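There are two complexes below, and they share chain A, which is joined by chain B in the first and by chain C in the second.
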Partner chain A sequence: MNGNIYHNRKAQWVAYVAVFVLLALVPTVFDNPFTLNQLARYSVFALLAVSVSLIWGFGGILSLGQGIAFGLASYGMGMTMQMQFQNPEYDPIPSFMLTNELETLPLLWEPFLSTPVGLILTILVPTGFFVIFGILMFQARVAGVFVAIMTLAMLAAWYSMAYDMQPFTAGFNGISPPLPLQIFGGEVDPYSPLAYWICVGVLATLTLATKALLHTKFGLIVQAIRDDAERARFLGYNVAYYQVVVFAISGFLAAWAGLCWVMIVQYVSPTSMEIAFSISMVVWAAVGGRASLLGAIIGAFMVNGIQSYLGDELQQVWMLILGAIFIGVVLFLPRGIAGLLELILSKVPFGRGPSGAQWSAETGTEEKAS
Partner chain B sequence: MSVHDFWTPFSLLPFLNALIIGISLASIWLIAALGLAIIYGTMGVINMAHGELIMLGAYTTYVFQSLVGVPFLICLPLAFFVVAAIGWVIERGVIRTLYTRPLDTLLATWGLSLILIQSVRLIFGGEPQYVGVPSWLNFQIDASFVHLSGLRLFIVLMAIILVTLTWYILYRTTLGIRVRAVMQDKEMAASFGIDANRVYSLTFAYGAGLAGAAGAMFGALKTLFPDMGSAYVVEAFLVVVVGGIGLIGSVFSSALLGELNSVFSYFTNDTFARFVLFTLVVVFLRFRPQGIISEGMGRR
Partner chain C sequence: MTSVLELKGVTRAFNDYIAVNGFDLTVNEGELRCLLGPNGAGKTTSLDLITGRQKLTSGSVHLRGNDITHMSEQQIARQGVGRKFQVPAVFKELSVKDNFEVAFTRERGPFANMAVMRRSDGEARYNEIIEIVGLGDRLEVPAGLLSHGETQWLEIGMVLMQDPSLLLMDEPTAGMTEQETAKTSDIFNELKGTHTLIVVEHDMSFVREIADIITVMHMGSLLAEGTISEIENNSVVREVYLGSEGIS
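On to the complex of A and B.
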C-alpha cells in the first residue's frame, strides 16, 4: 500500500522517539550550562511551534494569538515563583508592589501563595481562556483571516493590559523571581541538566500525546474540518466543538511552554505577549512544516539555532535573512522542511509491495498523482 | 492604587475635548486604514506590511525634506508616488503568486515587513529622525473646550480630502468601475475584457501610495523609527474589519473606534482604553463578522 516511508506510521513514531532520545542524551555530551540553558529555551520554542502546527497545520486555523496562552502562563509561573520567595508572615508583598504604593497583596495574587495551586492555575487559566475565546469565535463560524485578526487584536489587548497594570504585573520591567523554582523539597536550577530534562520531557510528552491524538477519530475529524469545514458540517459533525477543543489544546501546549520558559529564564515581562513573538512562532512552524509536529520542532530549533550562531556582525542583517527565508518558504516551500523531506523520500522505494521491482518503478507516479 | 486614581469622574468641558481628540484620532486611523481597506476590499489580501509602507512614506518625506529641501506640502504627493511604486513592485513580486492562498499572503507580507524594517534600519540607522512641521501649521486652537494643534486639524482635513479623492476614483472614473467590477466578480469582469491582474497591481499600488501619504503626515506628528509602522497596523486592521465593505464602512468604523478609544481614555487611561476597545472589537466581530456595512456581497 504505502510507497513513501514518510507516510508509514511506524517509521514516523520511530523518528519522533529517536529525536527525543537524542535530545535527552545531550547533557551527557555537553556539560556547558549555557548551552544546556539555550537548548532548553529552544525546546520551549519548539513546543510553541508544535502548538502552532496543531492549530494551523492540522486544525486549519491560523492563530496569531498563541502568545496569549504563553504570556498568561508565563505570568502565572512568574507569580508562583515570586511568591515562593515571599514570606506570608512578615514579608508577603513583592517589592515592586510596594514601590507602586500597594499596601496589601492583591486578591489576584493570593492563590499563588500556594505553589501547587499556582502551578495548576498557570496551566488552567490560559487553557480556560482559550476555551472561552474559542467558543466566542467558532460558535459564530468565524474563519480564515478573521480568526487571525481577532486573535491578533486579543493579543494586543492582553499586551497592553500586562503593560498597564503596573501594580499587579510590574509593567514594562516585568517580574524577576529572585529564586529558582522550589519544588518537592529541592530547587530547579535553570542551568542544570534537570531543568533541561524537564523542558525536553514536557516537549516529548506533549508532542507524542498530540501525535497520538491526531491518529484517533477525533484527530481525523479535525483534519477533515481543515480540508472542508462545510462538508464536515453537512456530514453531521459539530464543527465548532472540534475547533474549540483543538484551539484549547493548542492553548494548553502554549501554556506549558510559558511555564517551562519562566522556569529556565526566571523572568517574565510583557514581551512574552508581543505581536512579533507570536508571529515568530508561526514562522518556526512554517519553516519546519506546519503539517508535521516534528517538522515544527525542527523548524524552531533551526531558526533559533541559526539566529544564535550567526555572530554579532550578521545579527545586523538577521531580520533581512529571516524575512527572506520566510517569503521563500511561503512562496516556494509551503509545506516547509517536512514537505521537502516527504518529496525526497517519495523518490526512495519503500515497502513490501506485491513484487518489489514493479513497485519502485510505479511509486513515483503514484505519489505525484495523489 | 485606588479606584479614584484610576477612574476620572465625568465633567462636561474636558469630556467635550476628549470627543474632539477622538475626531483627531479617528482621522489618523482612517488615513492609516484607507490603503489597507482598498487593498483588502478589492483583493482580499491582508497586507501585514502596511505599517511598514507607512514607515516608508515617513522616511521618504524625511529624505525629501531634510536632504533635498522640498517643502512639506510637496512631500505628500512625492511620498504617495514613491511608496506606490514600491507597492507596485511588491504586488508583482510577491503578492501576485498568492491570490489563492490568503493566509499565506498574510505571512509573506509579514516576512516583507521584516525586510523593510531592517533595510531602513541599515540605511538610516536606528536612531530617531524627524520631519519638520511647516511654520504655517504651527498654531494651536484654544477656544473654551477645544484644544487642537494645527497639524492635527490638517490631518482631519487631509482625511476628508483623501476619502473624497478615493471615492471619486472608485465611483466616478472608468478605472473605478473596473476596480469595482473585479471586486464583485473577478471571472465575470475578466470575461468582459478587464485586465484583472492590471487592476490588482494598480489597486495595490494605490493602497500603498495612500499608506505613503499617511506616513508623510505621521512623520510630522511623531518621531521616525524603522519600526514605527507597528504602532498603526493593529488599529488599521480593526478599522477595516469592523468597517466591513466599502469606504463608508471604514469612515464609520474609524469614527466609532476613535471616539470610543478617546472616551475610554478619558475615563481611565490610554493603555486600558486599548484593552477595552480591542476586547469590544473581538466581541463585536463575533456577532457581526461582516462588519458595520455589508452590501450583501460575498466576502472573500
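On to the complex of A and C.
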C-alpha cells in the first residue's frame, strides 16, 4: 500500500504557498483595475469560505451566521472610513445623520474618530460577539441543526437591527465613505494593485496561520470533538471551551473579510448580513471541500467566477443555480473538489513502504526537524 | 484497605421508571470488580452516574473520599476516571494514531494545546499501548474503517492512553473472538493491582478469568455480592438468570 501525496504535510504546504504566490503575481499580468478589484472581492469571499471550512469542516459546527462577524466588521470599517472624511471641529457629523435629525455624533460613533481605534474595534467587536454567542450556545450543549437555526436567527436579528437603526447606520441606504481608506500617510485606492495585495496578503496570512493551528494538538482535538464530542468529554476535555475558541477564531477570520471588503468597495449596507449571503459562504466551502482550507478557497473563486460570467437573465435566478450546484455537490461530491483531488491522487503511487512505515517517515522525522 | 469508589444509595429515576434504585457499591484500590446483571438491570446507567453522564436523582458518589456527585464529565475524567462505552466510541475520521494522540491528555486546555506542535508527544506511551492492544499495522487507517473487534481494542487502548487510575469497562469483549477475549483477560489481569477496574460483562468464562469480587445487579438494585463461587451457588442469582442452569 502506498501513501497519498494529498496527505503529505510538506506537499500541502507547497500547494498552499504556490496558490498564494500565483495570486500575488496576478497584478504583474493583468493591469485592468476592474479585474483586479473583482479578484480582490473573490479573495474576500475565499476568506469567508475558509472561516466556514474551519468551523464546519473541522469543527463540525454548521454556522449559518458567519455574516454576523462579516457584517459587524463591515460596519466598523465603514464607520472608520466615514470618520476619516469628517472633521472633528468643523464637520463632525456624517450627512446622513443630519438628514435623520441627529445633532451630535452618537456615542457609538465617537471611537471611530480615531483610525487605529476604529480598525481595532472592527476586528475586536465581532470576535468578542462570537465569544459571547459561542459561550451561550456551547455551554448549553446546543449542537447540530440547532446551532444552524440559532446562528441564522441571530443573523436575521442583526440584519433587521442594521436596517432599522436608520440614524446610526443609514438603514437600507448604507454608508458610503466618500474617500478611500487613508492609512500610513497614503490612501488605498480600491482599484489599485495595493488594495488587491492587501486582500490577498490577509487571505494568505490568515489561511496559513489557520492551517498551522490545525496541525497543532489543538487542531486535532477540535476534529476529535467534531467526530464524537462525548468521547472527548470523557477524556477530560472541556468540549464547550474548545468550541467557543474555534467559533471565535472563525468569527475573527470573517471579521477580517469584512474589513477588507469595505476597503475595496467603499460601501456597507445591511446586505452584508443578508441570510442568502451567509448561506452562499457555506455553499462555496462545500463545493471546494469543507475539510480543506485550500479547497474552500478554490470553491469560493470557482462559484463566484461562474456567477460573474453568467448572462443577465441567469443572474435573476442565481440563487436557484447556486442551490442546484449545492445539491449536486452533496449528492455526487460530498467532499467537494478537494475530495475529488484526494481520490485522484490516491491512484498515484507516492512514498514508500506500508502505511505504518510511512507514518514515521512523514510525520515523525519531518516534525522533529521543524 | 482504602476504598477508591464509594456509591451510597445511588438512585436514578426516569419519570416513573427507576433505573437505578438505592444502589450501594464500594470498590477498593487495585481491585477488579465485575458488574453482572440481566439486560436492563441498570449497569450502564450506574456507570453513567459515576462518570457524570447522567445526574443522580438521589444518593452520592465519592472518589477517594472526594464527593464527585455533582461534577461534570470532564472534571470526573480529570480525577483519573476512564471509561469505555458499551457502543464503542472512537473518533471515526481520525487515524488510529491520532485517536491515541487525542487520548494522550497531558494538557487539557485549548490554548495550552495550541503550543503543542508535535503530535508525536505521546509516542513513547502509545508504543507501549500498541504492544498491549495491537493495531500497530493499522495506525494510518481512519478509525471508522476498523472492524468491530478492532474498534473495541482501539477504545480500550485510548482509555489506557488516558492513564486513569479507575477504569470503567462496559462490555469490553462484546463482538470479540475467543482469542481476542483471552487477550483482553490477560490485559485486565495485568492492570489489576496497579489500577482499579470495574468491568461490566455477560461472558461468565471471561468473568471467571478476571474477577476478584462480583456484584450482581437486578432491577436497579444490588442483588448479591461475593466471590465467583459464592455467586455461582447463590440461589437468588440463579433464579434471576432463569432456572437451574446457573449464570453461564
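Please note the rule applied: the second predicted complex is superposed on the first by the 344 of 370 C-alpha atoms of A that agree within 3 Å, B and C clash if a C-alpha of one lies under 4 Å from a C-alpha of the other, contacts with A are read in each partner's own complex, and residues count from 1 in each chain.
Everything below uses one rule, namely that a residue touches a chain if its C-beta (ideal position, glycine included) is under 8 Å from a C-beta of that chain, and two chains touch if they have at least 3 such contacts.
If you're wondering where the values come from, they're calculated on a predicted model, not measured in any experiment.
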item	value
First, second, both or neither for A:Phe234, with chain B first and chain C second	second
Partner chain in contact with A:Val142 - chain B first, chain C second, else both or neither	first
Contacts of A:Phe218 with chain B and chain C, given as first, second, both or neither	second
Chain A residues touched - chain C or chain B, whichever exceeds	B
Contacts of A:Tyr242 with chain B and chain C, given as first, second, both or neither	second
Touching partner for A:Phe130 - first (chain B), second (chain C), both, neither	neither
Common ground on chain A, meaning residues reached by chain C in one complex and by chain B in the other	none
Touching residues (chain side chain B, partner chain A) in the complex	1, 46, 94, 97-98, 101-104, 106-108, 110-115, 117-119, 122, 230, 234, 237-238, 241, 269, 271-272, 274-275, 277-279, 281-283, 285-287, 289
Touching residues (chain side chain A, partner chain C) in the complex	3, 213, 215-218, 220-221, 223-224, 226-228, 230-239, 241-242, 245, 354-356, 358-359, 363-364, 367-368, 370
Residue numbers on chain C that touch chain A, as the complex places them	51, 53, 72-74, 77-78, 82-83, 85, 89-94, 97-99, 101-103, 105, 107-111, 113-121, 123, 136-137, 139-141, 158, 162
Touch list for chain A against partner chain B, complex	62, 100-102, 136-137, 139-142, 144-146, 148-150, 152-154, 156-158, 160-161, 163-164, 167, 275-276, 279, 282-283, 286, 316-320, 322-327, 330-331, 334
